[in-house]
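So, here's a batch of structures to check.
Each of the next two complexes has chain A plus one other chain: chain B in the first, chain C in the second.
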Partner chain A sequence: MIERKLSIAGILVLAAVILLAVSYGSVHIPLSNIISILSGHSEGLPETWKLILWRIRIPRTLAAALVGGVLATGGVATQGLFRNPLSEPYLLGISSGAALGATIAIVAAPSLLSGAGLGVIGTAAFLGAMIVTFTVFIAAGKGAFKLPSTLLLSGIAIAFLCQAVIWLLMTYNRDQVERITFWTLGSLSSAGWSKVLWLSAITIPSTIVLASMGRVIDVLSTGYDSAHGLGVRPQRSAAVILAFTALGTAAAVAVAGSIGFIGLMVPHAVRLLGGPSHRKLVIRSWFGGAILLVLADLAARTVNPPGEIPVGIVTALLGAPFLLILARRKKGEGRLDG
Partner chain B sequence: MDNKAVVLKQVTWRPPHGSFEFGPVSAAAESGMFIALVGPNGAGKSTLLNLVSGILSSKEGDLKISGKSMKEWTARERGRLMAFLSQDPERPFGFPVTEYIGLGRFPHVGPFRNLGKKDREIIDAEIKAWGLEALKNRSVTGLSGGEFQRVRLARALAQEPGILLLDEPGNHLDLSSRTGILNRLKQEAQSGRCVIAVLHDVNDALLFADQVWLVAGGRLLKTGKPKDVLKPVILAEIYGVELVPFSSQDGLMMLGVPSIQ
Partner chain C sequence: MFSFRKSFSFLLNIFLLIILVPVLPAFARGSDETFNQESSITLIDHFEREISLESAAMTVVSLSPGITETVFALGYGDRLLGRTDYCDYPPEAASVPSVGSLTEPDIEAIVALNPDIVIASTHFPKEALDRLVAAGENVAVLMGQEFFQGAYDGVIRPVSLILGDPDAGEALIASMVITVDKAFAAVAGFTRTPSVYYVVGFGEGGDWTAGGDTFISEMIKMAGGKNIAADISGWSFSLEALVDGDPDLILLPGWAESIFKTTPVYSDLRAVKEGHAIVIDENAIVRQGPRLAEGFADLVKAIGSVN
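This part shows the complex of A and B:
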């Protein structure tokens, strides 16, 4: 009963925040007018409203939902697999790889503007994320899933390496520092329809695969040997789950930069609300992440109009206190990992 | 029907690095038997259990589970056939006890189907059998070591396996819970399962097991009835501790450490 309610609530709240987000901005478009424009009855309404809605706010808001959703499901998958509540998808080297790819693109071809689809920077970020993640897996070696700490350590080491190269490139390209910094902080301002399509094509299948493997993640979260004894092939299942996590996260980061805290925070919040079973946690966290990022993006562009603050700053401002509260709560229960 | 649950023929295993070598080992475990693996630390008891469970795979020798080699079973078939309770202490955060025990039904229901009435009955029966009613809704993360060990045993038995592999099932448990486990394992063996458990206390093996496999230095030194295998002379040789036999009240043989030197 509660479960059914939670899923319906997720859909309704997401729909509500999406309407809210397309309504507010530098120009306020009342809800009734949004509905008329969406249903094709826009006679007498300003042409600019239609333009703002269809060309800017709707794709941007949908992109926020898709990015937020996939980051949160990636968080669920990595936390469950690594049996570590502090895991998040970025630990696999995805965000540092994407940042390195983007930095190289910005430095090498500063005059190229984002074109159709992902654009040069987005494509470079996506490739960087995939290459670096692959390197992290290779560096961690064969037993990586048996001892997740080797995978996490290799992810952290390679992230530092990428960061060092980024700083080096920044040192020699002072004029691009601002662009690189803002890319890293994350933003959805460049999200148009082509990016929404691209995001859907990758993140929706990846989320479906992860959701369908929810119970396998449950089994894997009991530990490598236990999972084997319960009738899964831990190595193979973990590889599939991590590959789809990496793919989805890389797509999100390529479009929106490395927006922090969603992958870490949302799974914890959803687990507190609806329990730890991964079969439901994956989908619920998708909704949680989507709702949170749509709201965070709305805040990022309305706090100080017409200027924007990077959305990554908003999620970090929300995320840090949340984590502190979570840590205190857990301490009260005498454990940090529950 | 072939009642040989596990047959090992000249099974040998070498780790990728290091000089330790396990085997060659040959032995057979029948259904309806409670077999205790006894031996000093580092002798290879866990390696043997890992080989039988399929976590380690040996390239030399022949290992048959229920008449087929490991590769012929799919992972889920293997899960229905054989439960393995390792020593790894991992606890998935926040999992309630009932749901955790329910994971034992995974090989039966698979990744998509919901737990059915029969599954719930099995889970409830195990909760009752291990006296976990009061902990049912607690998170496994907050349990004591002994409580969690009972929950893990309940999970393994909820799997309804024909073969039960347990690495030190009495870990973390007080005397009464440990006796409870050993009694239950003996009962499971009598009902037709094949139970193979690493036991550290030779007296537990003497009192409960049908057979003892004595493991030392990566080899199977001797197999047979507990009384025949666990002889003070042999144990003194492998453990380097003198043991004296004495009889318990009901005439069963026990071994004791004579005095502190």
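This part shows the complex of A and C:
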């Protein structure tokens, strides 16, 4: 069966890129030694190599896969629900809320921040994302889940509001501008095991929920009016889907900052493989997003070693031309929404 | 989301400005000064502009933290009418009203203060100079090229001249020379060259340090250390490279001390475990002013502690 072959291919390609990403970094460790360390035969090899592999590269690569996967599934859910090919989960106010939360934490207590676990910045970003997304839902009013465009407008308006507050805080805290900027550009450089566990605990369940609701998204994406006839309660379903999308995306953003384009780009690329089923789209997009972000992070940390560039820059550099090519291809077919 | 993208270049500019700031003194030029028989004062500033005052300046607006520190160290803090947001030392500077940031001083506020002279230094943009001159202000831009001699000849001597007290300038320089000479003598006695990592940023947002082409890296070298990031240019580094570099000494900004030592992986660095992660006051080593000598001495002491 084609679907089964695709799933196996997805798993194999992801495993291959993870291995590739673990093998390269700013510090050169010979491949044979990497295999020795990974298989537990590390006698006589430098302690720093073990530390680099087990405590830095492996958790960082796994975090990239989890973040990329959940951002892409969020893109599928929002594009399907809003019936808008330019939708992405960040439109719900998640990234601006997370950035505001992180900015407040950086400004309020630059020296009290603990680096353990999710950290104070990550926790503040997660709370900020959830609070702002909730505000977006409330601000959109009763009809939010009936008419998605009001939700989008509400999200955009509140994103601008958050950005204004961030700039205001930056104006009065110029010494922290640098840290705030780099947080918002997105990076996986601080992703250790505790963050991997935290990401797994939230993003895997939220992805499973979205995949299991794939048929509901199928129905909603054809229009809310027809949903009733097919036995789906559109507003309630939309609320559940968006809540899990927001939760998963907020977890990703809290760990890695607002990495752009994955949520927008991957669902479109995956649709090229054919098949309108949202259950399949969610699963395929998870693999697509995971593979893409692992590779983007590998590029971010190896193009100019030992320096790193924010991974959000890499995804944007890859994403913009991709979208343009896609738009040209789709124009021939007369529509953009797959 | 959209607003983030729009703001990238703006934010990046601000960031680049901040991180490039410590490199600027390297491009600075010394100033010559002449002392007239009468009480009038003439000197040539960094931009080779001739500055003249009929008599010693009784009121001054400082547009640089280093200049503010110099004016206070010479004992004339009471002559300061204005300072920048960054002028945070000595603590008394806080009671002087601010006239804005280093790069965007509030021209109207400066004109309203009507000082005898406005003194600027590194990272003072030419546009701001032109606008101040057009507004009729007497502006001197003072900075120096070399590390210590630049502070003496480019900043402290001309500022003391402007304030009409060159003797105070010479006395301050003499005490700095003693401190610096002592520090160099200590370096000469070092038995080895410890490896050093200088933390600019870490954790969320990436790892940043002072690369080989920076003022700070030069300072570390002079102070008897070997910067593990000497091979890179600029500021971007990585945690992997830090672990691999395995420095003997880690220099931290004050805000980072507690977080750095408790963040996973960083807390496992040999220097942290051995208690060799030490806070250093960056402002004292990058500002051309009276604290440069003490800042250098502190750096030498920190490097000496792992010798």
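Just so it is clear, the second predicted complex is superposed on the first by the 332 of 338 C-alpha atoms of A that agree within 3 Å, B and C clash if a C-alpha of one lies under 4 Å from a C-alpha of the other, contacts with A are read in each partner's own complex, and residues count from 1 in each chain.
Methods note: a contact is a pair of C-beta atoms (placed from the backbone, for glycine too) under 8 Å apart; a residue touches a chain by one contact, two chains touch by 3 or more.
Given the structure is predicted, the values throughout are model-derived calculations rather than measurements.
*Asks:* Which partner chains sit in contact with A:232 here, chain B, chain C, both or neither? Use first/second/both/neither.
*Replies:* Touch partner of A:232: chain B, not chain C.
*Asks:* Considering only the touch criterion stated at the top, classify A:205 as touching first (chain B), second (chain C), both, or neither.
*Replies:* Touch status of A:205: no partner.
*Asks:* Looking at chain A, does chain B or chain C touch a larger number of its residues?
*Replies:* Of chain B and chain C, more residues of chain A lie in contact with C.
*Asks:* Taking the superposition on A as described, I'd like to know which of chain B and chain C A:222 touches: first, second, both or neither.
*Replies:* Once the two structures are laid over each other on A, A:222 reaches chain B alone.
*Asks:* Give one of first, second, both or neither to describe whether A:80 is in contact with chain B, with chain C, with both, or with none.
*Replies:* It touches chain B, and chain C stays clear.
*Asks:* Is A:55 touching anything from chain B or chain C once the two structures are fitted on A? First, second, both or neither.
*Replies:* A:55 contacts chain C only, not chain B.
*Asks:* Per the contact definition in the header, classify A:276: touching chain B only (first), chain C only (second), both, or neither.
*Replies:* The answer is first: A:276 touches chain B but not chain C.
*Asks:* Is A:26 in contact with chain B, with chain C, with both, or with neither (first, second, both, neither)?
*Replies:* second
*Asks:* Residue overlap on chain A between the chain B contact set and the chain C contact set?
*Replies:* No residue of chain A touches both chain B and chain C.
*Asks:* Tell me, which parts of chain A touch chain C in their complex?
*Replies:* For chain A paired with chain C, touching residues are 25-27, 48, 51-52, 55-57, 88, 90-91, 95-96, 99, 102, 110-116, 119, 121-122, 156, 159-160, 163, 167, 174, 177-179, 181-185, 187, 189-190, 192-194, 257-258, 260, 301, 304-310, 316.
*Asks:* How about chain C: which of its residues touch chain A in the complex?
*Replies:* 1-5, 7-8, 11-12, 14-15, 18-19, 85, 101, 201, 203-207, 229, 232, 234-241, 243-244, 246, 254-260, 262-266, 268
*Asks:* Which residues, counting only chain A, touch chain B once they are in their complex?
*Replies:* 80, 83, 85, 212-216, 218-219, 221-226, 228-233, 271, 275-277, 333-335, 337-338
*Asks:* How about chain B: which of its residues touch chain A in the complex?
*Replies:* That would be residues 50, 53-55, 75-80, 82-86, 88-96, 99-100, 103-104, 106-107, 110-112, 139, 141-142, 152, 156, 159, 165 of chain B.
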